[in-house]
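As structure tokens, here come the structures.
In the two complexes that follow, chain A is the common piece, with chain B as its partner first and chain C second.
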Partner chain A sequence: MNDGRMSIIVRTIATMLLPFILVFSFYVIMHGHLTPGGGFQGGAIAASAIVMMIAAYGHERMKKKVSEEGLSMAESIGAAIFALVAFAGVFMATSFMYNFLVGTPVFGKIPPFGGNSGILDSGGVLPILNIAVGMKVIGGLAAVVMIMAMAGDEE
Partner chain B sequence: MIYNEAIPAIAIGLPLLAAFLTPLINIASKKARNAFVLAILIIEELLVILLAWHVFTNDIVIYTMGAKNPTGAIPTQAAVPIRIVLEIDGMAAFMGLISATVSLAAGIYSIAFIKESNAKARYYTLLLLMLAGMIGMEFTGDLFNLFVFLEILSITSCGLIAYRQHADAVEGAFKYMVISNIAALFVLFAVALLYAQYDLLNIAAIAHVMQYTQLDKIALVLFVAAFAMKCGAVPMHFWAPDSYSTAPAAITAMLVAASQASLYALFRVSFTLYGSLMSYQTIGIAIIIFGLLSMFIGVTMALPQKDIKRLMAYHAISQTGYMLLGVGVGLYLLGSQDFNTYGIKAMEGGIFHIINHAMYKGLLFLTAGAIYYRLGTRNLNEMGGLGHTMKFTSIFFMIGALAIAGIPPFNGFASKLLIYEACYKVSPILSIVAMLVSILTLASFIKVFHSAFMGPKLHDVKEVPKSMLLGMAVLTFVIIFFGVFPGWVVNHIVHPAAMALADKMAYIAAVTGGA
Partner chain C sequence: MLSLFGIALIILSIFTVIPAILAVVMKDLLACVIALAIMSLLLSLYFYLLHAPDVAIAEAGVGACITTALFIIAIRATQRKEVEK
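After this line comes the complex of A and B, so read on.
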């Protein structure tokens, strides 16, 4: 562990797993309105992928790949989208947080009662809110983890 | 105006949205970011004034989040409110005015006070979130929502207290975090106790069906303990001197308003949620005892302090005692015939003192920040002769000090006189203690004024930048306005707020439709 890296076996496996974890995270976020999970859970999965990469490669190398500013930016944009969607309820329909997309071509379908095979095109504003929360959680949690990993550096 | 009815939601949503846009605008330009934050704070102030004016002249405003008809709390298919309902009565609107005004002054003050750095965008983000938390706590009509906003307020406050990252600032923030989390868990547990029994979270709906079982009594104790802890009443005051004195001055002023948001929650729970069910006298006496202890212990601890902000923090505890005393006497008399004569006066005094305290204590903390900004110290022994050069700061300090000591024609006099008069009818001892505390307050501020501003010129310092003076001037203007026209303020702002607390049925009827 001279420069915070783990052995080549761990690093190779981590690199191979990374795309699968990110795809799964995206799946959980996108299906948030249909299946268990959602923006927060999916974001946490993606952030855990970053934890894995920090553990495998050391935070020095990760710092070069992922900038803290970028993560903060993702967090701010996610939260701003969430608030904007809430405001759109006031200005496009009747009230704050009103689900104004139901019945429109964008995510407007109403799924039939009971189980379905994943009608993604439903839920109104919920998928958008899930994506916004997902961005916020990826940015926020990853930034927290990066800062915690760097905490020992100053001494 | 078409969007008139959406003002309550916009008043909460606007600072939330602005908080997350601030770091994005920061990339483009630092000046644009300052202008943006100021514009948002001014718009917020105007929105809250507009809303308060509507509430004071008409009736309780309710707003249901995400509903087709936001002014109706109960959906057509249901018998009880399901969605989050915002409910703004006189008291909530009154508290909203305090939060928005103090935040505006703190925001203006911070432009020069907080040194420009990468972290300043985050500072403004947290400041706006803190405002959103306060407004949310005050406007919501939903217990779980209250808990969520309490948490937002606590977490952002912690971040801001620790902003300067000194060891003592981190310690102050840590203490605040521990206290906040304990209080928040108390609140969460109490909310769970109520939800388990009634399947409701709406304050008005719970108050409507409350049975006052043993579990409800436990929940009441948890609520009162948690909110008294958060508002810094003795004997749960120990966090206040550390957190108040180490936070940046603008944030300390906001922390005062934040503590008062907790005080509002205490009053809301005891008057509206429980109200006539509980024994007014028992809870009233408990609040009076909290008040007397806070007043006396706060001021006696303040007298020997050498750290200017620590001294003011102890005075904040002491002044909170006045509010608890006034409203406690009102609660003690509620339901009896005396309530309509002097009980309501005591409550008006206590409630008027809330806004007065937020203004003059905010101002005093800002002047302490101005001294720190130029001298880099909070120790009174290292100050002296600042009146020669920092003329405006010393005038602002003098106004704040006279107001807190209850000297006419400033606003502290008006509210304290109401409290003295009304409490005298209940027991002369209450008034005597209140007056004694006032005298001790004056004594300790004479000490501060003398050691900071009087004497020969010791330091070669300049007056603080204009934005800091402007921030202080906003609060000074309110102090003088309230001091010169106390009658108008009491009749048009304070009396409706006091009546809103006392009249629980109106609050319930606004949601349940009188059913």
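After this line comes the complex of A and C, so read on.
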């Protein structure tokens, strides 16, 4: 172990795999209302990509790219978006978490009856809530691993 | 008469239990963590066969990757071998 990073083979493969894992996690988050998966699952996949980069490069180098303040900020922003969208149902419509976006241009298309392959532009507030949960899970899980990695070599 | 699906479930459950028992028995904690990761991966396959793909994705992401990384970081900060009292 030289200063916390692994060999060049591991680093190269991890760097090559990173965009594919991030794109897959974004796919899982965005199709949360159509296919299996959702905010938590996609966020866990993206956090595992960050964990892979921490394992390959060491947390000292990773801290320059992704700071734990930024991760905590992503977590808080996700929780704030979730609460705002949920309370917007009270003020713009009738009840808490009311789906007030149905019929509007933002994720508002109503799918036809019968079997279809799924329309991404549907679901109302559900994709927005999925994105909020995804941000919160990415921030939380990656921050936990990064803070534990930093606490490990203090003594 | 068992169907092919039932036989696959039985075989997969046996292969899921074996790493769990190994994780309890073995003394090397790093090997225990690897056994737990294998168990988690096989358990996600089991969830997929039981028509719960949502749980399977969550299990594969959290159980096989993030808890493994957390355990390995914790082992690096403490000690690797289990001590006998």
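We take it that the second predicted complex is superposed on the first by the 148 of 155 C-alpha atoms of A that agree within 3 Å, B and C clash if a C-alpha of one lies under 4 Å from a C-alpha of the other, contacts with A are read in each partner's own complex, and residues count from 1 in each chain.
The rule we apply is simple: a residue touches a chain if its C-beta (ideal position, glycine included) is under 8 Å from a C-beta of that chain, and two chains touch if they have at least 3 such contacts.
The model shown is predicted, which means the values in this text are computed figures rather than measured ones.
Engineer: By the touch definition at the top of the document, which applies to A:Val51: first (chain B), second (chain C), both, or neither?
Structural biologist: second
Engineer: Could you say whether A:Gly4 touches chain B, chain C, both of them, or neither, answering first, second, both or neither?
Structural biologist: A:Gly4 contacts neither chain B nor chain C.
Engineer: Looking at the overlay, what does A:Ser76 touch: chain B (first), chain C (second), both, or neither?
Structural biologist: The first partner, chain B, only.
Engineer: Just checking: does A:Pro36 make contact with chain B only, chain C only, both, or neither of them? Give me first, second, both or neither.
Structural biologist: Second partner only.
Engineer: May I ask you to decide whether A:Val90 touches chain B, chain C, both, or neither, giving the answer as first, second, both or neither?
Structural biologist: A:Val90: touches chain B, not chain C.
Engineer: Does the superposition put A:Pro111 against chain B (first), chain C (second), both, or neither?
Structural biologist: Neither partner.
Engineer: Name the contact category of A:Ala149: first (chain B only), second (chain C only), both, or neither.
Structural biologist: second
Engineer: Name the residues of chain A shared by its contacts with chain B and its contacts with chain C.
Structural biologist: Touching chain B and chain C on chain A: no residues.
Engineer: Quick check: in the complex, which residue numbers of chain A touch chain C?
Structural biologist: 28, 36-38, 40-41, 44-45, 47-48, 51-52, 54-55, 141, 144-145, 148-149, 151-153, 155
Engineer: In their shared complex, at which residues does chain A touch chain B?
Structural biologist: 72-73, 75-77, 79-80, 83-84, 86-87, 89-91, 94-99
Engineer: Going by the contact rule at the top, pick out the chain B residues touching chain A in the complex.
Structural biologist: Contact set of chain B toward chain A: 3, 6, 9-10, 13, 16-17, 19-24, 63-70, 125.
Engineer: Residue numbers of chain C touching chain A in their complex, please.
Structural biologist: 53-54, 56-58, 61-62, 65-66, 69-70, 73-74, 76-77
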